[in-house]
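Here is the structure we will look at.
In this document, chain identifiers A, B, C and D correspond to the written order of the chains, with residue numbering beginning at 1 in each.
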């Protein structure tokens, strides 16, 4: 973990209110893993907001230093990627950063997704803005394919509506990372709440249906990232089917490093777990999701 | 007085830490007069500053709608000009506005300089950032020359050092307003604290020396704008020589319109005067300058 | 002007009115005492008639010049002021300020300050005498729809701050003033106390019709170059968004301690802030410091409240305080 | 890392040391209780040995899980927290946290909280017994250089907040704890009182070696969509730059009311903020919430103080408090 001023390389819209951020990654800093996050402090905020805390964002991809076909010609360093939704003053401020500007980053933070075992098939479920970590995980697994065996995985992505699916026609982002994401999106099983594209229903509805017709001999290992209610039903689903499951959780943060005990969620074992330091990736049954939704 | 979103036309450096701001002026709003000011709210501020109040700035010039050779081709409306120093978070934030962006302006505010009588010679003294209102006043008088008689005036400008004199070689600003300012600067009697250009000493030192060799038959009418100590000695000078004198004062402001009684200075008659509504231009003997410096 | 937009917003289906004693305000958004003068200065920028209420700058028995300069300093999302109740005194208030106030269509609440119980009483008596003497005039409003008793100004040595911290004095003061007017009496409380609910209960016991909550918080800025306090008087009153959470907490406590209406203020700059106060238990709100940044704030806040009420299907603004879970 | 830069700054000609009772801190900048854990989590980001002092997260007799989630909400230039003294209890503190703390080169002040006088006393006794039992070890520091008594946490029903508002209880508690340790005893006061100077005088009378001033201010945010308080417990403690003027005013008052050193905190984010506290009368400062925005804050603040001292030709940091005009 380190605090550094990162050069912004890409910061552009990939869907209504969604942005793709890429920044230079320092040499000698361990590469981030899918599920890990960083906290960022934009330089300027809108007058009147009074925002001052860092904002946590998950990594959505990483390009190591040696890579040839790079997302940006502006650097020969490694490049970290994130996908974020413009929601409030902090993300609005971040969206104002142009390539070439600097952001204050602390990274990498938290625990990533554990890789599936060889005998497991990874079912990677993302809902809405939970897309970043799951795209990263899928990309990592597809890369691994060339090294050790061939990890089997299925990406399942849920959106409210077809028009909110990022990186579709109209997105000007043609960086290699965006290209990789588009490939993954093309392979993914898509669901929409309103049925405007793909399966009509939630990601977890889709899982039931997928499970019924799954021909694979491998055990499922669920990976989830998305809104609280989605994670809650994912955990329920995993429990009912006795499937290993890991979820990436969210909670408001202050320090982001485990010091303040502010970002807790209720643990099933009693007490609380810190999202930033004990998570953000938890075994699905570690968190009392129902209580956390209240 | 009106609150409006103003289109920024020019916002560029004219000296170290000094900026020239020009923005579109609404139709149907009375033109500002020299000595009047506006308050401005930038859109974004640096994170951590927590700035939220408007910042008062004086007008440094005005181009009415009908004018031909305009400071900006981006508008056919009237254009207001200001010169400001980048000092703290508010002015730093203002300095980030690029042409084409919008600033929230309330204008025109306060009372301007009363014009000199026909039998008076205007001695217009500006120190440091007090340059804006005095350039505006000199420009107004030089324009009037063509209409009623020919107001006689002498501009006396003081700077800490030659390198801080704005709009010299190196300034890229070649707008018509900058051109006019350069003309006025060329006519002005210049003083520097360190003697690196013109008269060595303060503006008020220069006035004594000018007064000794003044051949004009007209009465002097002093106009001053600059730091508090300069205004205090200007007022003393005017009193000693029985000269009419008007000074533009500064004080921290909140409302800028006279409602909060926050921006007061001690009055010689006892009690307090509001800079924003009773001023910012006062007869020099209205304010107890010594007390105000404490 | 933005105010006119508000008037055009068809909110006929919604009941925005607020009741304080016998007084009905047309909507819950007022402008706070000391930040709006007597309504003259902001006339060109704010559609005053569209306000729910105008709380005047404090009126004292004698004219006061106020505290030495500088009186203001900005702080992170806040403002410290030490104006010191600068005002023309009750006589000149009646002669110079009241005539214009009578032409306002919004409720006008006169903020009253004093150093002693007698001074407060004298101001109210003088105003009541005056109103009785001129009697009702055609096509004019009364100009004084109620009193807000400032027992909480931290900026004067004897500005009522000793009242603001003592429940016994508050109850006695309230009872004494209550006997001198039939108009609603609003006690404005200081947050600079161990238990603001105690003070509120005392005000209620004394007969107050409502509580305004909160006045400014004691604060200080030191100029590290000049090596002295940034404002001449040393400490001053902190206002603005910085103190909003303090005001909401106080409003929450006070509105659970008394049965009379609470008027919430402190740091309201956006509709969401005002709705927080209403959910915390306030029936109405006031906007002070935010006016300085943006004079359109009251109207933007009112529009935002209306929009929120529609989205949440709330008919009456006074029901909002029942919605907190 | 920035901390190392600080080490390189030659400040040999300046005396930055601060004395609290018998304890000498190498410089006046510490990190505030509850924002720095027990010094583990920030190890990779902050050069801890270069700090003047590390104030630990509160330690209670029994382990506490803390308050329900959510526990945090951001406010304008502020943060409300309701952690609720989550901590592993004194036994696990001694077993798991102390060994690492002993390796720190900065002063370590253990923040102590409890619900009753006995609980506070038991924590200190347990720690003193433990320290006596393990005795001094070579090349290790003691790990506990003093105690900061948290009588001011607004986030627990019985978290000592009743002590924090009552001078009589404060004096008794201080005296009782003073009898149990030779280490410096720092009383950390709440700003949520009518007169903080009263409380400070009581702590001094009870034998306190210093006062920390201030803890968080009671505040509340309401989520206007979910129609409930943004943090689970309703109200919480407001910290950050928003409260800096409140802390400076309190420090100014307290340092004029007592003769023992005052440690100022509340909203310090830049060197200028810290210097305001020092000019107001503090001998040392602590940085809490600003760490969350920028972990380099303590070192940047210390560098800024050094730069300011050079510009103002001040030799000893403890003389700054005499410079206010």
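In this text, a contact is a pair of C-beta atoms (placed from the backbone, for glycine too) under 8 Å apart; a residue touches a chain by one contact, two chains touch by 3 or more.
Bear in mind the structure is a predicted one, so any value in this text is a computation, not a measurement.
Colleague: Taking contact as defined at the start, I'd like the list of chains shared as neighbours by subunit A and subunit D.
Modeller: Correct list: B, C.
Colleague: Please flag the chain sitting at the greatest distance from subunit D, going by CA centroids.
Modeller: B
Colleague: If you average the CA atoms of subunit A and of subunit C, how many Å lie between those two points?
Modeller: 48
Colleague: Just how far, in Å, is the C-alpha centre of subunit C from the one of subunit B?
Modeller: 37
Colleague: Using Cα averages as centroids, what's the distance between subunit A and subunit B in whole Å?
Modeller: 54
Colleague: Could you pull out the residues of subunit C that touch at least 2 other chains?
Modeller: Counting only residues that touch two or more other chains, subunit C contributes 75-78, 240-242, 269, 293.
Colleague: Give the residues of subunit B touching no fewer than two other chains, as numbers and ranges.
Modeller: Within subunit B, residues 41, 47-48, 50-52 contact more than one other chain.
Colleague: Are the chains arranged, by touching, as a line, ring, star, complete graph, or other?
Modeller: complete
Colleague: Would you pull the subunit C residues touching subunit B in the complex into a rising list?
Modeller: By the definition above, subunit C touches subunit B via 34-37, 40-42, 44-45, 57, 65-66, 68-79, 81, 83, 86, 240-242, 269, 289, 291-296.
Colleague: Subunit D touches which residues of subunit B in the complex?
Modeller: Going through subunit B, the ones touching subunit D are 47-48, 50.
Colleague: Taking the touch rule as given, give the residues of subunit D at its contact with subunit C in the complex, in rising order.
Modeller: 75-78, 80, 165, 192-194, 217-222, 224, 226-229, 234-235, 238, 240-246, 248-249, 252, 267, 272, 275-276, 279-280, 308, 323-325
Colleague: Provide the residue numbers of subunit B that touch subunit C in the complex, in ascending order.
Modeller: Touch residues, subunit B against subunit C: 1-3, 41, 49-54, 104, 106, 251-266, 270-272, 277, 292.
Colleague: What does subunit D use to touch subunit B in their complex?
Modeller: 76-77, 241-242, 269-270, 293
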